[in-house]
Amino acid sequence: MLELITFSTLNGLLYGMLLFMMASGLTLIFSMMGVLNFAHASFYMLGAYFGFEISRRIGFWPGFVVAPLLVGAVGALVERYGLRRVHRYGHVAELLFTFGLAFVLEELVNMFWGKLPVDYRVPPSLDFVAFRLFDTTYPAYRMFMLLVAVAMFAFLIAVLTRSRVGLIIQAALTHPDMVAMLGHNVPRIFMLVFGVGAALAGLAGVIAGPALVTQPSMAALLGPILFVVIVVGGLGSLAGAFVASLLIGLVQTFAVAINVSLADVVGAEAAARLGDLGTVTVAQIAPVIPYLLLVLVLIFRPKGLMGTRET
Amino acid sequence: MSAVLSLADVHKSFGPTAIIRGVTLNVPTGERHAIIGPNGAGKSTLFHLISGRFPVSSGTVSLHGRPITGLKPYEIYRRGLSRSFQVTNIFPRLSVYENIRCAVLWALGYKYAFWLGVDALRSVRERAEAVMTSIGLTRRRDVQAGVLTYAEQRALEIGLAIAGGADVILLDEPTAGMSRGESEQAVQLIRTVTQGKTLIMVEHDMSVVFGLADRISVLVYGQIIASDTPRAIRENAAVREAYLGQAVH
Amino acid sequence: MSEGAILSWRSWAPWVALALALVLLPRLLSSGSSLTMMSLMGIMIIFALSYNMLLGQTGMLSFGHAVYYGLAGFVAIHAMNAIAQNKWAIPLPVIPLIGGLAGLAFGILFGSVSTRRGGTVFAMITLGVGELVASSSLILRSFFGGESGITANRTKLMPLFGYKFGPQIEIYYLIAGWAFIAILAMYAITRTPFGRMCNAVRENPERAEFIGYSTQTVRFIAFCLAGFFAGIAGALAAINFEIMNALSLGAAQSGTVLLMAFIGGIGLFWGPILGAILVTFLQVTLSDLTGAWMLYFGLLFILVVMFAPGGIAGWLALHGPALRSGRLGRLLPAYALAAVPLAMAAAGAILIVELAHHMLVKASSDGSLVHVFFTTLDGASPWPWLAALALLGVGAALTRLAWGPVRSAWAAVHAASAPVDGPAEAAVVPPAAQGVLPT
Amino acid sequence: MRSLVIAASLALGAAAAFGASLAQADNLKIGYIDPLSGGGASVGEVGLKHFQFLADEINAKGGVNGQQIEIVPFDGKTNPQESLIQAQKAIDQGIRFITQGNGSSVAGALLDFVAKYNDRNPGKEVLYFNYAAVDPVLTNDKCSFWHFRWDANSDIKMAALTNFLKQRPAVKKIYLINQDYSFGQSVRTQARAMLKEKRPDIEIVGDELHPLLKITDFSPYIAKIKASGADTVITGNWGQDIALLLKAAADAGLQTDFYTYYAGGAGGPTAIKQTGLSDRVFDIVEGNANDAPASAQKTEQEFRDKYGVTLWYPRAVNEMRMFAKAANEAKSNDPKAVAAKLEDMKVEGFDGGEIVMRKDDHQLFQDMFVRSFGPLKPGQKFDEEKTGWGWTTQGRVAGKDTLLPTTCKMERP
């Protein structure tokens, strides 16, 4: 039991941190530009595939560095030549543009690398057992992922609180109208924020690819959960996104470990009257939990956990 | 004369910044009341508090003797208070006629009806046409509101505020940005369309204010420092010091 | 014209024409697949129009509209089974009404949560609700039938006037009849006080609150009505296919209806009709021609968002004033001039996609010979690639050049035609963001 | 509203163009309805190659009753409703035989569609050959005269697997992990029932259903398996769910045997090789190229030489050869006549042993093989996905030992 709890906690934290690597970029982009980037998870996917392609040709570490930069560049190009053009048609058009982009990116990845998961491997230098608890081992690579995620988090905080750009971004977070007063730099800051957000998602993809799965549906699986994270956390709140990421990461991981169904709680007879609902175990509904959480938050706390704005 | 609109010790803060710091005001039925004050005094904020766009931090706003604090804008509207905006706030891609028609639908009781043909509702058509005539936009009936001239958009803005027949009208700087000729026309327009109604307006143009208002309140740094007839205000020393001295052309 | 009548007699002509077209189409195209396709188009027209009640009319971007289509389809299929089993005297043509009511009920249920806000937040919530329902569909097996779904036999219901609704032609007429009613009803709704307020809320939700309307209520009613019509479409799909499964309420189906409405044009009532017809046609036939059809779809959508946000209908409607003033002819030379390089660029792009698709997906088993545009190319050699790139590059550059004449032709036509001050319905720009950043 | 008329006439034009695209030909056409675009395309394309290869083989011998076989591909998009549209298109082109395999939901829809179509269009019957959809219900409660299945259904596979487990006394504690949908559930219930009957001493230490194709990290599940002390895992997982399960198992150092249905599917061998679980991952199939008769090995080699992929579906070979035989014996390419001949047909299977199409439910019975995956042993010719690893037969269960009863009440025309 102890090992189950330990590993579930570690895995949940890890998943949560991965979510936050994406949710932070998504929140920044949304807060500053008003664009809900539907294709954000697609950048995560691109990161994993770029990382895979580079690691199979040169090695994991070059991929670890280059792939996020490439994804960031793709993001910046998308902003410069796509989003900026549709900006004048309003936010809905921007959202639709990113929706189409997500669709096209998935098809392209399908075409280039096929539907099946690709063989993206953990680098040999990290392919060992980090520690052993009772009989179960924990791979070093996962510790590495956790490390990268925490480092990224620290970096983000440093940038936001110490640098000039960071201060502008922070100002924009709390006072969206402020962005308009930034003068001629606005387009470039938008491009920068979009590119950095994409690069962060790409980094998440590069490190998650070998440990989880690198396949075309990875974006579609994660995308909706990201939206849940930023709504549950509170739109425009980085701290909220952080808390919601960890919450959802932990809840989903622990739900898998629980085998209780309603039948176990209220007795088989009472559960039988509930039909399917009675026999479903918590583990089975693990993937539904984030969406239930979303609906509950919207009903009882529309601002989100840490939000300041009404959602 | 009973007060149709009254504010009792109304406060409003945004974060640590207090914008409205205890406003008490009574506007009797049928009065034309102007609120003046230097930039940043909180005039528009006060309108937003009365019309329900922002919630008050503390204090009470009453309409027809019943409190309306905390109500939604549409609930306040339904109790007979309608307003215009300082920054033109119309339905840009609907025609002038459609704009006005939307503004008369609720008042005529059609609410959310999705079973009645709107084109065939004679009362709606007649009222909308009457409003268009009174704001002088009949000629521009089928033009998209977004492509009207500025003065026409301001007229439409007033038209939207009065179309529903509310008995208390709030006009937020109705002549902002107009030339002298245009604003004289606007004063004429306001005078006619608010006949028999209670009017509260925020205005910078002193000739408009003194030409229209029965009573004037002076708002400075979130507080009303004087509320009196135009003549009395003109002679009020505090007002002169705080405001009028610089503002009169 | 009586007080409150929605349609005047004069405006009936197009409806008669539509009815005639619906009745006569199967005479012209009687093959089984045309009937299947036209039936599907009929269903999708209702579905896309119901979607546009949200997006086009009220400015609500939904990513989960298939929930109402799918759930109503399931209710309809259960209803058909129950009716057949209990031998109730309910004929098949009533089923779509049951579906519509189911869609309405689910619209009320989910709408009460999701319509509290407009704009981007609404979009996210619909996405979440869509995922919630889609994920639940694999858990609640007795209602959704697991991944294999629920089947029914439409001929087991009580025959109506001797029709058992086995043959596709009878189903076609059933769908056509309902489509006619639904199109008429949805058009009529746009001409009611509520319909006009939907537009007002789309244009400026804040101001709508200051003329007495609760935007939340407007959104909620629009949402419920859209659910009702989506439900009719879902029930018709259940009747047509005699099977419903969880895919019908998933994200892909929601995405498809968005594509239909937007490509067709959300600014005009009939835009989604065009979109539903075109997208359905492409979906069914394009897959015979190329394995990369989904990619073309996505690219088409992005192009429309970027260059023709009014969709096909919006683009066509631009020509209305020129057509009325008889100056359309002046545009044609410029269009012809631009069409050539545009076609070149398109051909180049298609070549690249086809070459890439073949080399990446099929070459390992099929060899490197690619059949495209009635010729055979060798994807392993660089020449076809270079040629395709050149086509695309030169085509794109020339299109840019040719855009000048098109623009000046337009300017000339515009200057000569009456100013565009027709009904605001003809607007071609999509609705601006609704309350994305509360001020 | 004049625009409505424009819209309608556009529809008319589109439909007309569609109608005109239908062509006539004298070949005996078989409609192949499987995913050819999007995610499922890679699998669908390989299946298509099988049938084209087999059609060539039959055509080289003179075809069927003098007619050449032509395989006409249709993109079913792994979607039941789409597949029905494609089936309708196929029928419109005069196609009377369709074959499909990917997705039991599609199979169920097609079976239903064909049955209703034949019922409503007497004289124009269509036959449906199923080469890979394994939902038992298709040859039980839902069975149809117009449907024939060449793949062993999942119950038969479990019967074969449990027969094999009878000879593996080392297996003591079994953990069941399956996808949460009808197939996964049927694997789980059948495993429980059959193990109880054949190996009552085995303890089921865990029984897990997880969401279908939604899990990106199986490590929580692996932690549970470890905690249970299982020595063997039985799973019906396919696609990413098997690859990721094995990956997570290898990551956590889980040392159990895996008995699977679909470890041999596309991507599976690569995933096993990556985990290094040598000869610890088993699957249950109807043939093993490394252990097949010389004729089958020759065909396998030809297929690999021609297309560069493994001949995944020996059952497709059985299907096409039996179809040709039935039609030739019936001296007719009429579906009804072919169906009559197929019933109770007994032939030598592609991978040896007698195979028989049971008349009661149109389910084929054939010898089943339990294979393990590991480095190629001496004398083995075929590796998988260029891994250098291949399949070794660990056990063979005769078809007659898998004859499960059926609940099918066949309605014959």
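For clarity, chains are labelled A, B, C and D in written order, and residue numbers in each chain start from 1.
We take it that a residue touches a chain if its C-beta (ideal position, glycine included) is under 8 Å from a C-beta of that chain, and two chains touch if they have at least 3 such contacts.
Here's who's who by UniProt: A, C = Branched-chain amino acid ABC transporter permease; B = ABC transporter domain-containing protein; D = Branched-chain amino acid ABC transporter substrate-binding protein.
This one's a predicted model, so the numbers in the text were calculated from it and none came from an experiment.
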| item | value |
| --- | --- |
| Common touching chains of chain C and chain B | none |
| Most extensive contact between chains (C-beta pair count) | C-D |
| Farthest-lying chain, centroid of Cα atoms versus that of chain B | D |
| Whole-Å gap separating chain B and chain D, where each centre is the average of the chain's CA atoms | 73 |
| Whole-Å separation of chain centres (CA-atom averages), chain A against chain B | 47 |
| For chain A paired with chain C, centre-to-centre distance based on mean C-alpha positions, whole Å | 31 |
| Inter-chain centre distance, chain C versus chain D - centres from mean C-alpha coordinates, in Å | 35 |
| Where chain C touches two or more other chains, by residue | 135, 139, 141, 292, 294, 361, 429 |
| Residue numbers of chain D (touch at least two other chains) | 38, 41-42, 180, 211, 214 |
| Which pairs of chains touch, using the document's own definition | A-C, A-D, B-C, C-D |
| Complex interface listing, chain C residues touching chain B | 1-8, 188-189, 191-197, 199-200, 203-204, 206-214, 217-218, 221, 225, 421-424, 427, 429 |
| Contacting residues of chain D [partner chain A, same complex] | 38-43, 180, 208-211, 213-214, 216-217, 219-221, 223-224, 226-227, 239-240, 243-244, 247, 251-253, 266-267, 270-271, 274 |
| Of chain C, residues touching chain D in the complex | 11, 13-15, 17-18, 21-22, 25, 28-29, 31-34, 36-38, 40-41, 135, 138-139, 141, 146-149, 151, 153, 155, 166-168, 183, 187, 237, 241-243, 245, 247-248, 268, 270, 273-274, 277-278, 281, 283-285, 287-288, 290-294, 313, 316-317, 361-362, 364-366 |
| Chain C partner contacts - residues on chain B that touch it in the complex | 51, 53, 72-74, 77-78, 82-83, 85, 89-95, 98, 101-103, 105-107, 110-122, 124, 142-144, 147, 160, 163-164 |
| Chain D - residues contacting chain C, complex | 1-12, 14-16, 18-19, 21-22, 36-38, 41-42, 45-46, 49, 74-75, 77, 79-82, 84-85, 88-89, 91-92, 104-105, 108-109, 112-113, 116, 119-120, 135, 180-182, 211-212, 214, 307-309 |
